[in-house]
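My questions will all concern the structure given below.
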Amino acid sequence: MNSLANPTAQAVDNVLIYIFGVSLLLLLGITVATIYLVVKYRRSKYPEPTSDCHGNMWLEAIWTILPTLIVLTMFWYGWTNYTGLREVPDDALEITATARMWSWQFEYPDGRRANKLYVPVNKPIKVHLKSTDVLHSFFAPAFRVKRDAVPGIDTYVWFEATQPGSYDIFCAEYCGVGHADMTTSIEALAEAEYATWSQPQQPSTEPRGLTVLNELGCTGCHSLDGSEGIAPSLFELSGQQRKISVDGKLSEVTIDVEYLRRAIREPNAELVEGYDPMMPSYDDATLSDEDLQAVIDYLLGKVAEAESVQINANELLENNGCIGCHSTDGSESIAPTFKGIAEREVTIIRDGQEMTLKVDVDYLRRALLKPNEELVKGFPGIMPAADYLSDDEIEAIIQHLLKQ
Amino acid sequence: MSIEHRDDTGDRFGMWLFLYTEVILFSGLFILYAVSLANYPEQFSQASHKLNIYFGTVNTLVLLTSSLTIALAVSAIQMGRIKQTLILCWITVGLAIVFLINKYFEWSAEIGHGIYPGSEQLAEMGAGITVFFNLYYFTAGLHGLHVLIGATLIGVVAVMTAKGKVTSDRYVLLENSALYWHLVDLVWIFLFPLYYLIL
Amino acid sequence: MNETTTYTGFWQESPRPGILGWLLTTDHKRIGIMYLGCIISMFIIGAVLGLALRLELIAPGPTIMGPQTYNATFTVHGIIMIFMFLIPSIPAAFGNLLLPLHIGARDVSFPKLNLLSWYCYMAGLVLVIFAMFGGGGVPDTGWTFYVPFSTQTTTNVNLAAFAAFMLGFSSILTGINFVTTVHRLRCEGMKWGRLPLFVWTLYATAWIQVLATPMIGITLVLVILERTFGAGLFDAARGGDPILFQHLFWIYSHPAVYIMILPGMGVVSEMIPTFARKPLFGYWAMALSSLAIAFAGSLVWAHHMYASGMSDLAVLVFSFLTFIVAIPSAIKVFNWISTLHKGSIELAPPMLFALAFIFNFAIGGLGGLALGAAASDIHLHDTTFVVGHFHYVMFGGGGFALFGAMHYWLPKFTGRMYNHKVAAIGWALLFVGFNITYMAMQAVGIMGMPRRYYDYLPEFHTLNLVATIGSWMLAAGLIVMFVNLWQGLRKGAPIGKNPWGGATLEWAIPSPPPLDNFGPEDPVVTKGPYEFKGVVADEY
Amino acid sequence: MSEHTHEPVPYRTFILIWVALLVLTAITIAVSRVDLGALNIWVALGVASIKSSLVIFVFMHLRQESKLFKIGLMVMLSILAIFIGLTFFDVLYR
């Protein structure tokens, strides 16, 4: 428990010191009184009691009222300081923490993500807590703050670091095997350092269309490299033929600007054959006409740039919590290690049947997207499907794993 | 010590205590109901309309009447009219069976429509409605279980009465089964408006 | 006692001979003994698991077990200790043994129900064993069964939850029995103002058992239904509310902690007057504060949820109510101490446990105040400070009271006395070891170590090591105590009716008591339970 | 009669109560078809409470039992009200 002069820690410490202080006095009084009486009135000295007092109204009244007053002060002090933990200063920097079995991900207002909580010093930070699976709890002992992350409910904590340094974050709500390992840290950086950290690493040279595709989550379903998943790939669209069905009738179209515009504004009117009507429609509130144009230009013209998408697989593994379960150093507890995975033969259980396979691209893709259909023998079926990652990211992870 | 010791008032008091525990048992579900109603008033009323009010009403009448017959049975045995007691007990059991048959048809119809806990159709109707039906099934199911237990109890007591083990000056068993049966009725008195009648 | 040679007591007298005389008995004393046997066995199993937990925590990193084993271990440890040991301990074992004797009755109101409740308890026990060894994996939810984890994990949660349901049912039956017994079966002259305090606390406890336990029943049934049908009642995505589960759970489980402590307080209130040979100070304050604890204890459940995401208004209300419960507890502590004043105090083994109870309960309870205050609980919640707090009140309080009761009353029921010196040595080891273990745990909790962690950061090492070493001393003390009791109660010197000079009714009848408790004549009471004038202790 | 039993309730009383219960049932159903907004639920609960008091006091003989039974019932109901009421301090103000 580093003693820190930050506002939340002070609010809590004052209460702790008050209550523990009073308690210690009470305990001392009680213990001393008991020992004194037991020694003084021992039977060897007093074979018979020297009083047969049955009680005393006044004393009862005193030790009803006095404790009442004491606990009321404790209650009130505890409550007023608690409000200090709940009222967030207006100028707070808002960050979203997503908890999942068994790792944390922090998302900044500018969309940047990290698995440690980097914050500037002397700036109040409000952390919104989200959970994707079970209960977790954000606990930063140095700031004395704690709050559960509850699936489907918004909760938050706030704190302010007054000195640069690294402070622990624990998961304080029991969440299964990885509970004790669900730790990370708050990295409080001096202002200048934080400024450098929060600079976009590569000044954006990517075309506007691509940015929009990423921001709106299109790439969550569509790949840009030709691999087909739940949605058609957006790779080299220009001039391609598409089989579509309109109200159940099949027809064929050539992709052009108009087709793309309809496909984005009213995606379910014309369905590409073989796909479900699941794509949300984007009206001009979410996607302005300019951006739509940029997207279409990008899709039809600057296809080559798609390959320039840089994905750092290592970061993906950390930020998506893979490392929470899989180690990279060969140790195995919850899940198979990534070390040496490329050369491995795995025994898997599919539909209750055991079989042995060589690890390859397809196997890894299945393992990532439908993890519970083929279970590695000896491990529980607890891995969440990584289907929220884009195809590109999946591909990058697979390539990265094969190099391990 | 197991020397026979008679304390009918004590026995009834014990039964009342047991009924308190039953009320609290159901109250867990009623708390969930109250909270969900506060959160989803409109959805609850929509969902309520999907329940068949005729089944609900008929079952209400059946249970109220059975409550009457078992109450009469207690008076009958107090007055030493064994034959009437037996008839009233068996009518009560009969009404319980009617209740359960009715419930069976009601549930079959709903399950036929794809409405049951965990069904996909239910999930598509949205959060509030799902909660309503889950609670409805759990509460009515628990209640149905109580109907079954209560009817069995009354049947057993009727047999004992016929055999002369429950008599006009020793009838606390019948009284206690009647108390249990009234509880079953009480729960339904609340269940019925809460699930079938929300506008 | 004159007929020592021929006299046999309830151990031999029975309408049925042999083992059936036990399994089909409706005698409250035999049922009490059967409960006691099971409860002590469960305690030993649970305690060995606790020792294993401490061993794992001796150093950071996995030492003797991995995370999954650790989680299963503390879950089973918690379930055993709470549902199978402490909740039934004093009420079901000593309550059954003593309640009828204390009020001058020949049995409880519903002897057959009493036996049924023991069978429910056994059913719960068997189910937990199935849950542990029945394939599918040992339950790993913690004793709190929090959703959504408990609805998702693949281990045998259904069986464990159903077991807890059965144990709850057993507890309800005991409660119904005791409330009725106290109201209906007091002997002539046993006015409310003459009830021993132990009866008052059992009575208050029994009301909690009746009114709160069904809530855990329905909650656990809902968990089972969730797991079978996937209905989503606690799933926010489908309109449910995961925090509501916690409300339902604690509506029972907080009052349950008073089921665990109130009878202990009753035991202590019996022993202190006896060994000070002085009436209990403030009889009515003590009696009414028991009811007050039972009632107020039903209003504070959400103090387990300050950090759960519930509303701030609820934090305000529940924090306030929590502090209200502390007041009747304080009244009790002060009255116990005043009883010592101008007494004639003998430090017999039961008295040692009674005094240790006061000290441990004070530490645990005062720690409860730091948890009850909203701001400080935010830091302390779900750290090992909480673990320290509840071991102090449950083991240091409830457990010590049970051991005290064993030392105080078991000689009455076996007719033989254990060795007092060895008992004192066992007590000392237990007391010191206990305080080392859990004081260290509280300290490391204040530093910020979360609970249910099998692995921890290096800065928490020293205190964890201390706690583990303390737990060995504790274990040594327990072994000394149990061995001494076992030997003494079987082969020790025979005792007369009243070895301690107690003034309640059980001390006026032979040890062990006869099957029908009071012989052919019903007792008539003419004085209070703590009038020691003229009561002499037998030599033994 | 003896201390164990009480006077039998005449059939007529029970039948009258039964009729009252049927009438009240009709009333709830009728009222529930009129839109009173949030009031509907309270009216429904009110009528249900009246019905259950009839059942408890007459059918279940609570009228004839001693004070103990009545106090017990009150205790149980107040605990129930507390359980529900205090939960709403969280749910409504979250």
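Residue numbering begins at 1 within each chain, and the chains themselves are lettered A, B, C and D in the order written.
Note that a contact is a pair of C-beta atoms (placed from the backbone, for glycine too) under 8 Å apart; a residue touches a chain by one contact, two chains touch by 3 or more.
Bear in mind the structure is a predicted one, so any value in this text is a computation, not a measurement.
Among the chains present, the centre nearest to the common Cα mean is that of C. Centre-to-centre separation between subunit A and subunit D, using Cα means, comes to 49 Å.
Centre-to-centre spacing of subunit B and subunit D amounts to 15 Å, using the average Cα coordinate of each chain.
With centres taken as mean Cα positions, subunit C sits 35 Å from subunit B.
Residue positions of subunit C with contacts to 2 or more other chains are 183, 211, 215, 237, 241, 243-244, 247, 309, 312. Residue positions of subunit B touching 2 or more other chains, listed in rising order: 7, 9, 13, 17, 20, 24, 27, 31, 35, 39. Residue positions of subunit D with contacts to 2 or more other chains are 68, 76, 79, 83, 87, 91-92, 94. If you sketch which chains touch which, the pattern fits none of the simple shapes: not an open path, not a single ring, not a star, and not all-to-all. In the complex of the two chains, the subunit C residues touching subunit A come out as 62, 66-68, 71, 140-142, 144, 146, 148-149, 152-154, 235-237, 241-243, 276-279, 281-285, 306-309, 312, 315-316, 319-320, 322-324, 326-327, 330-331, 333-335, 337-338, 340-347, 355, 358-359, 362-363, 366-367, 369-370, 372-379, 381-383, 446-448, 450-457, 532-533.
Subunit C contributes residues 183, 207, 211, 215, 241, 243-244, 247, 251, 298-299, 301-302, 305, 309-314, 317-318 to its touches with subunit D in the complex.
Only residues 15, 26-27, 106-107, 109-111, 113, 172, 175-177, 179-180, 183-185, 210-215, 217-219, 222, 225, 229-233, 237-241, 244, 247-248, 515-517 of subunit C touch subunit B when the two sit together in their complex.
On the subunit A side of its complex with subunit C, the touching residues are 1, 11-12, 14-16, 19-20, 23, 26-27, 30-31, 33-34, 37-38, 41-43, 46-56, 59-60, 63-64, 67-68, 71-72, 74-75, 77-79, 81-86, 133-135, 137, 139, 141-142, 144-148, 150-153, 155, 168, 170-181, 183, 333-334, 380-382. The residues of subunit B lying in touch with subunit C in their complex are 1-3, 5, 7, 9-11, 13-14, 17-18, 20-22, 24-29, 31-32, 35-36, 39-40, 43, 117-118, 123, 126-128, 130-131, 134-135, 137-138.
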